[in-house]
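In what follows, subunit A forms one complex with subunit B and a second complex with subunit C.
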Partner chain A sequence: MLRRAWRKALALCQLSLANMLEYRAEIYLWVLASALPLILLGVWSRAAEGGAFPLTRVDFIRYFISVFLVRQFSFIWVIWEFEELVVSGNLSQMLLQPLNPIWRFLSSHLMERVVRLPLVAGVVALCFALYPEALWLPRAGDLLRAVGLLGLAFIARFFLQYMMSMLSFWSERAAAIEELWFVVHLFLSGLIAPLDVYPESVRRVTELTPFPYLIYHPVNLLLGRPVPFTRAALVLAGWGLGALVLQRLLWKRGLERYSAMGV
Partner chain B sequence: MSVARYLRVLRIFWRTSLSSELEYRLNFLLATLSSLGHAAGNYFGLSLFYTGTGSLGGWPFHQALLVMGIFTTLSGLSRVLLTPNLARIVEHTRTGTLDFVLLKPIDSQFWLSTRRISPWGAPDVLFGLSMIGYAALRLELPLSQLAWAALPLAGSCVIQYSLWFMLASISIWYVKVHNVTEVLNGLLAAGRYPIDALPPGVYRFIFTFVVPVALLTTIPAQVALNQVRVSSLVLAGVFALGAFVGSRAFWKFALRSYTSASS
Partner chain C sequence: MSAIRVRGLSKSYRVAVKQPGLRGALRHLFQREQREIHAVRAVDFEIQPGEMVGFLGANGAGKTTTLKMLTGLIRPSSGHASVAGQVPFERKRAFLQDITLVMGQKQQLIWDLPALDSLAVNAAVYEIPAHEARTRIAELAEMLGITGQLSQAVRKLSLGERMKCELLAALLHRPRILLLDEPTLGLDVNAQEAVRRFLREYNQRYSATVLLTSHYMADIVALCPRVLLIHEGQLMYDGSLSGLVERFAPYRELRLELAQPLELSELQRFGEVETLDGLSAVLIVERSLLMSTVARVLSELKPRDLAVSEPPVERVVGKLFMAGSLAAQPPPAAPPDVTAGGPPC
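== the complex of A and B ==
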């Protein structure tokens, strides 16, 4: 039983990897399109030259390189694919197969990370070539915990977006909801600036949302700064689980509505 | 064909595409919310640089806000006028229906760049103009000074359009060009800060000559602030003219490779 599941998973991953390798040019362009942290790296490192912030210039450089890195692993796009599948009616083919489509999406997301890796490594190396003074290596323990937190962040984010994808059964443009989510994510996750420079009141609000756990805390782990690891792990697991439960409900209701209408 | 006729055609294009976009009213609400979120977040993000003794490359807060207002307006304009057409151009070259466009007794570049309009970016334009207005009020800029800024701003629009249309022309060879425009959008994001906020060297070189965000947003702001050198104004003018002529030449060149592939 377990061996059969393992074989299935392996086959699925191989398929996804082959698929993603075919689209490597696009994936590389996506990596370049997510250069916002690198622009902010330039702006913040220059603004920090006067030493007006609680973080030093080198801290800012490391922070934004880490943000770039963390974002590459928690980047989810299932909602656009799912919306297209529902609107075009192509979801029907997947429903005929004895495999829940979520496994396909999950494996293609995972394999896409693998394809990204070389370019991401190249960009990070370029950053260090540009700022050799910022070169650092996280402690092994921190690195391990960061990888764990990143895995959880990926799963939580994936389930949250997959849950929102279910709205495609009701609306033709479900991806619009993701754009709204992204705005909040942009400003509350620590993507545009480390939360250390936020006013205390705003910072307390962000801690009530799942957003800092997706970017700010994993980044801090890489930087070797203190992080509420257990709380972060529990929060991410909680959001992921909640989203999964809601997704199962919406999936059932949605499939009843789904008419497999294609163009 | 006379200018009057082109204007009449333009009116018909925009009327028809507006009425079809207004089918999705709920999405318009979502787009407005997301624009509002972006505007508020960007304002907040900018203010973070000014906590303590910080500043952005020597620009006082309200001057930097002027740049951000120009950036927001420009990106809103491109969402209204440019992005809705891109998907169509790609679709036309992919399916071979570009034939019908080329056969029409109207300039093909004009048809392809103006056929569609989308109201989704209008809130961005509104919020961008509000930022400019608010900043101008706080800086007590005379109206005549602001009016002068309209000149380089028009140049910015031309540069942005030309860059975008050149990218769209690539679809003749490479249909997944959508991802390329995402890269352009990602890099243009640097335009929300004055160019002096970026560190000298690699950053400034890239964002002045490769992706000319300095021309797009900083120079119009400098004109409004009456601190521009004539040389940079001339540079902007030459660049705008060159970009436009270049986009036309590139389109003609791309068309030579068009083989009317059908699906």
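== the complex of A and C ==
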């Protein structure tokens, strides 16, 4: 059984990688289009020179380079793909095979990371060339914990968005929910500004949401700053698991509504 | 045990109705009107293992909705379907291993990659051992005549080659039940014939059950001794193709080689004139009047040659759908106006 599962995973990953390599130019454009943290890097590092902030100029530079890096590995697009599949009826092809479609989406997301890796490395190297004073290497332990947290953040984010994708069975524009999510994510995850600059009361509220665990905490781990690792891991696992349970329920209900239009 | 057994199968949809224009849009915002569409109504039929059955009906008659229910893509509103001994909508692994659905206008192969890449995933998904998958791919590719095309990107293949690759992908797991929705759609005559030949061979080699809808009556004539005819969601006919013609087209074609040119009005005395081209003419004559009409034609027109034939099936079915005469039971007594022709489905 394990051998069969491994063969399926390998075949799916090989197919996804080959497919993603065909779209490498588009993926590289996505990487460049997600350079918002690098723009904010310039803004915040300049602001830090003249204001009283809890982070220094170099801290800000390192923070936003890390945000850029973390975001590259937690970016999820499954809702757009799933919505298109439901609206066009192309989901039918997947439903006809004895394999849950989630594995196809998961493998394509994972292999897309592999394809974007060289350009991401290049952009980070360019940042360090522009800001040599910000060059640093995370401690091995921190790096390991950050990778672990980033993996959990990816899984939680994937399941959360996949759960929201199920709304495509009820609405033709389910992806609009993701756009609303993104606005909140922008402010509460630490993407637009480190949570350190927010008032304490706002920070306490953000800790009740999954957002800071997706960006802010993994970034802080890379920077060697104190992070409630166990709590962060449990929160991400909890959100991921909750989303998965809800997704299963919505999937079952949604399939009863699915009309396989366009077929 | 039947390969496919359907009892009282029905599917209804509720669709929103919206009037055109700004007023309609505003009204729709506050007061949604919905209409119930009965796509399939209490359909009953059985198909035995190894049978090849044609599924005929005009656009919107309920063919594709029925196929979607038989493959478990949509849940029936009422009634029961059993396919390969399973309830389709439960979509159990054993069921999905036994069936396939080929849709002429849809594709499962990845556009930018060679078909072999997609086939490798299908082999893994259906848990076909690698060496067995290679043997099957080689065998099916040879039957389809696409051995050299499997390593080219799908987007670079011709429509016919792409359809053959789709068929290969859909049959790699060697399903016992094939549900084919317009498998020759858009193909040229040669590609259509190749697909038909392949389907016949697959059916014979693996005793596969085939339920086929097609826009091209030639597919049905070539492959299906039995047809189901559905109209406005109701099954109107289940039997042989020749029986369908007998039942719904009780007329014959009278082909004449005239001794001298005649006016159209002179020929119209004997029946409806389908064509008149110089000395060649084709008349449509009601079957019950055939003998007396032939006698009259022979004595009054003295033609050089006379032949009686059945009208082409595609014209009969096309005319039935065009005229909407299926709603009337029993079928119309007067011969339909076949000169109008038209698409069969």
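Just so it is clear, the second predicted complex is superposed on the first by the 261 of 263 C-alpha atoms of A that agree within 3 Å, B and C clash if a C-alpha of one lies under 4 Å from a C-alpha of the other, contacts with A are read in each partner's own complex, and residues count from 1 in each chain.
FYI, a residue touches a chain if its C-beta (ideal position, glycine included) is under 8 Å from a C-beta of that chain, and two chains touch if they have at least 3 such contacts.
What you are looking at is a predicted structure, and each value in this text was computed from that prediction instead of being measured.
Asker: Should subunit B and subunit C be called a clash or a fit once both complexes are overlaid on subunit A?
Answerer: fit
Asker: What is the contact status of A:N19 with respect to subunit B (first) and subunit C (second): first, second, both, or neither?
Answerer: In the superposed model, A:N19 contacts subunit C only, not subunit B.
Asker: So, does A:V114 touch the first partner subunit B, the second partner subunit C, both, or neither?
Answerer: neither
Asker: Return first, second, both or neither, reflecting whether A:L241 touches subunit B, subunit C, both chains, or no partner chain.
Answerer: After superposition on chain A, A:L241 lies in contact with neither partner.
Asker: Comparing subunit C with subunit B, which touches more residues belonging to subunit A?
Answerer: Higher number of touched subunit A residues: B.
Asker: With the two structures laid over each other on chain A, which partner does A:L95 touch: subunit B (first), subunit C (second), both, or neither?
Answerer: second
Asker: Pick one for A:G50: touches subunit B only (first), subunit C only (second), both, or neither.
Answerer: After superposition on chain A, A:G50 lies in contact with subunit B alone.
Asker: After superposing the two complexes, find the smallest distance in angstrom between C-alpha atoms of subunit B and C-alpha atoms of subunit C.
Answerer: Minimum over all C-alpha pairs of subunit B and subunit C: 5 Å.
Asker: Across the complex, what residues on subunit C touch subunit A?
Answerer: Contact set of subunit C toward subunit A: 13, 64, 68, 71-75, 91, 93, 96-97, 99-101, 103, 106-108, 110, 112-113, 117-118, 120-127, 181.
Asker: In the complex of these two chains, what residues of subunit A are touching subunit B?
Answerer: Per the touch definition, subunit A meets subunit B at residues 25-26, 29-30, 32-36, 39, 42-48, 50, 52-53, 130, 171-173, 176-177, 179-180, 183-184, 186-187, 192-193, 197-199, 202.
Asker: Touching subunit A in the complex: which residues of subunit B?
Answerer: Contacts found on subunit B: 24, 26-27, 30-31, 33-34, 37-38, 41, 44-45, 48-49, 51-57, 176, 179-180, 182-183, 185-187, 189-190, 193, 197-199, 202-203.
Asker: Quick one: in the complex, what on subunit A touches subunit C?
Answerer: 4, 7-8, 10-12, 14-15, 18-19, 22-23, 89-90, 92-93, 95-99, 255-256, 258-260, 262-263
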